[in-house]
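Each of the next two complexes has subunit A plus one more chain, namely subunit B in the first and subunit C in the second.
For the complex of A and B:
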């Protein structure tokens, strides 16, 4: 049975509709070729988000006409929209919000959830997904056992859909009770959006214990700036208090797959590798030729990073 | 709240050091692999115990797992949890996250709780799914990936870091909260506590005991097969002086890898 409707959940930040949404749009077209694609807005700043979404290439934007202050409320609102508009797959970016709302919605609608997929393929009458498990040490091919389902897509696994449109915005009446909004955000210190979010970055420069001291991260940041890259770290560097834990890459940190990953003074423990070894191109600088990071890197320089990184930063500035 | 009853959802997983290998049938080879409490669940266990130590109350852990999970449950008990509940039926061997959530929600009707703590994700399937479904099934509020937690009266105040920024959230109890790294630093159980843990009660339920049956548990997803990523070739080591190496690296990133 072909799926003839796909919903894509809209997330908007200071810079507009998030790239993860554009990637979810691409995934929706793969999962449900030819389907009507509906952007769904269920957020606290509804009108502004709907206006941003209307510029996407979608059939229409459906906006919940209530302020939605929690993930569970968002799930309830989307469930009501899906029931009113008709069954379809619902696609989310696997962001911190997406992976909270998606399972709540799947439960609400009694549907399967296929989280964090890296590829999708229609095979005969069903859709098959690939999703990394064990932080990328293995991949599972999975099939949802229902005609419609909820999916979250891994950042950068699908291309951005950058087509623009002028979609009509439709308001949908949703009924939310106080019970649906029990969790209340009492304060939000906004993330510095000039910094690129790790999982969405095209390039990442990560630092490890080899930096020797917290100030060493200045070198990492300088190279990252030159590359317009995000800054990551090994767990040991996080535990040393040199950088925030949100920058940890690995099995118990973030799984990333940028186009370019540069590892500076990182040994390449299996838990670190799990989070970054699906990057397209990996560069390692380490003074130990036996460091396991060289087994997964494409290019390596065996040297003291302090003698290499400043030169590399200058050289990159010349070509970028 | 005095005498807070905390229930921690604990899953046993491979240690994060494990390499994943598949046998000829495409199944994961678990021979020689060590099992641990999934790291995020361990943060939850530690936090619960610290709250119990500070304010009284009781910490119970709940797991859906075979008798192979007894060893890791004993670790949670040795860390300081008071009791453990384990639910098992052989049909759960292939349970997906939806079924696991159904089983947990049903078992929770037999265990009193004011607060449910879980890991933000299990380090094996990384679904971020089970706690959300449990919360939905029981009509409880959910907050994922918290890095701090305090309870006053019947309200929990938590902090977390999302893509939006640092959020402080208040949520009335009972609630389901999932742990991020940073919530608490897990302790190593002491030898006397390991001994004591051997005498702590472990309640085992079958599906019938919690009002379920194998036939009522319908899978939502089917795993068609597993694979492991193709091994990477290993690095081309670029030699020479730092100046030469850097120039050559940048040239190859541009011309060969085409990533600049």
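For the complex of A and C:
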């Protein structure tokens, strides 16, 4: 039961096709070895997104010829494209948008959905996925039973090894009704895009209540600069107004899996761990030796962060 | 809408994994669900709170619906004690093993049986499965517009909802006409605790399967009956629910972080930091 086609849903940011989506292309090749990989564009700015997608190494780009204003409309458009092009798996990056469009599409096509997977392996005539459950406390092996399915891939779980290409762009006629676009975005505030997006960063330094005050984030930023890392925060630090919500890591914030996660003054409640425990290497600094963050840390430093973080920052600067 | 809004909140009972227990794992390495206290999924509590707040301002009724085993009636009682007007348990042994898709099919049938609804509220995702799928799939099956992962309900006027949601790189304000489905983020509000007066009354509320069908009429007369709907009540066939109706299969569950890798403790000195940086560099992490 070879899968002939793999569709990948394209999301574009200021830097081009989003890194999580580029990683989803890698996942698509793992899930469906040898399949034709088709980049699907169904967005409000279709032409620009299709142009960005055409620079990927994919068989082709299929662009919905209608402006798509809601996730439900995007799902309807992708469903029509999949029906017209032929059955295949549909792969999404597990971004906040992908996470919303994917279940709508799965429902639309009547396909199983395996969300937020961290690995994939073809076993006989099935694909086996691994995904974290119970807020990362356990891993589930999940097997979709249908021949085709929908999957979303966790950021940084797969490498971005897509080479640049020159893929042809094909426009597909899709029929969307006013009913499909009832939920409308009426205002959008884009955050500063010069910063590294948290979910796509290789290294993250996060701060929590242990910093004691908003100015404490200068310590976090200094270490992050030395590591060329993104800056994250615990929910408590966000609630205290020290940093913006877009920097929140955890169950109600973002799920990240960078190569290196440094937690400064974060106690590491299960809700925070849910957002970062799949990081490859975790370094924690906390005064409290009983802090739960040490349960998931690879390297633990029990100390006052104000004394130790400047030392660590200096040592990092020597090697970077 | 002089008569107020018809609001339905979907809740799920989940194990509270933040509680330390003696035996978190079974011998085969899977999570020992029974060892953990059962709670209402935290995101769902925020959905309930949102429903109750809307009712306070706009009037109307808040119904809570939960699909689960007979023990899920405890979660519904909890909702009644916090202020929900009515509770419905969706319970049938044939539902066991349903994945998110089958669950959405069953909940959609329950919504149709409830009849006209203005607003369906769900938590963003559950603390056990972490899928976040049931809400969007339910909206799709019912043909309703949806706004997912909302952090703030800004207004609900003239038949429209205006809500704020935080995405990876932006904040959106989204508008949708009623009826619609919203999924609510934890932290959107601070859920109220049980009300003492309501608890005094509703601690005696029971679902039929909790009392083996005994004394149902008396419960109903006292307003203490938790409605209970089976697959037959909802017109759900066996092939649409349970394992048979579920296109995804969980092959096995392995515990991860509970079985800890050895942690290296680094002394808080310059030499310690030097060691740490060299170890990270040697592993290619920095």
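One rule holds in what follows: the second predicted complex is superposed on the first by the 303 of 320 C-alpha atoms of A that agree within 3 Å, B and C clash if a C-alpha of one lies under 4 Å from a C-alpha of the other, contacts with A are read in each partner's own complex, and residues count from 1 in each chain.
Heads up, the rule we're going with is that contacts are C-beta pairs under 8 Å (C-beta built on N, C-alpha and C of every residue); 3 or more make two chains touch, one makes a residue touch a chain.
Source: prediction; values computed, not measured.
On the shared subunit subunit A, the superposed partners subunit B and subunit C overlap sterically. Of the two partner chains placed by superposition, A:85 touches none, neither subunit B nor subunit C.
After overlaying the two complexes on the shared chain, residue contacts for A:119 are found with neither subunit B nor subunit C.
Of the two partner chains placed by the overlay, only subunit C lies in contact with A:254; subunit B stays clear of it.
Contacts of A:145 after superposition: both subunit B and subunit C are touched. Comparing which residues of subunit A touch subunit B with which touch subunit C, the overlap comprises 13, 70-72, 75, 95-97, 99-100, 103-104, 106-108, 111-116, 128, 132-146, 149, 179, 182-191, 197, 203, 245-246, 251-252, 259-260, 270-271, 274, 277, 280-281, 283, 294-303, 307-308, 311-312, 315-316, 319-320. Per the touch definition, subunit B reaches subunit A in the complex via residues 14, 16-20, 22, 28, 39-40, 97-98, 101, 123-129, 132-133, 135-137, 139, 141-145, 147, 157, 161-172, 175, 180-182, 218-229, 232-239, 242-243, 245-247, 249-250, 252-254, 257, 259-260. The part of subunit A that touches subunit B in the complex is made up of residues 13, 70-72, 75, 95-97, 99-100, 103-104, 106-108, 111-116, 128, 132-146, 149, 179, 182-191, 197, 203, 245-246, 248, 251-253, 259-260, 270-271, 274, 277-278, 280-284, 289, 294-303, 307-308, 311-312, 315-316, 319-320.
Of all residues in subunit C, only 15, 17-18, 30-31, 99-101, 104, 127-133, 135-137, 139-141, 143, 145-149, 151, 162, 166-177, 180, 185-187, 246-258, 260-261, 263-270, 272-274, 276-277, 279-281, 283, 285-286 touch subunit A in the complex they form. Considering their complex, residues 13, 70-72, 75, 95-97, 99-100, 103-104, 106-108, 110-116, 128, 131-146, 149, 179, 182-191, 193, 197-199, 203, 227, 235, 239, 245-246, 251-252, 254, 259-260, 269-271, 273-274, 277, 280-281, 283, 294-304, 307-308, 311-312, 314-316, 318-320 of subunit A touch subunit C.
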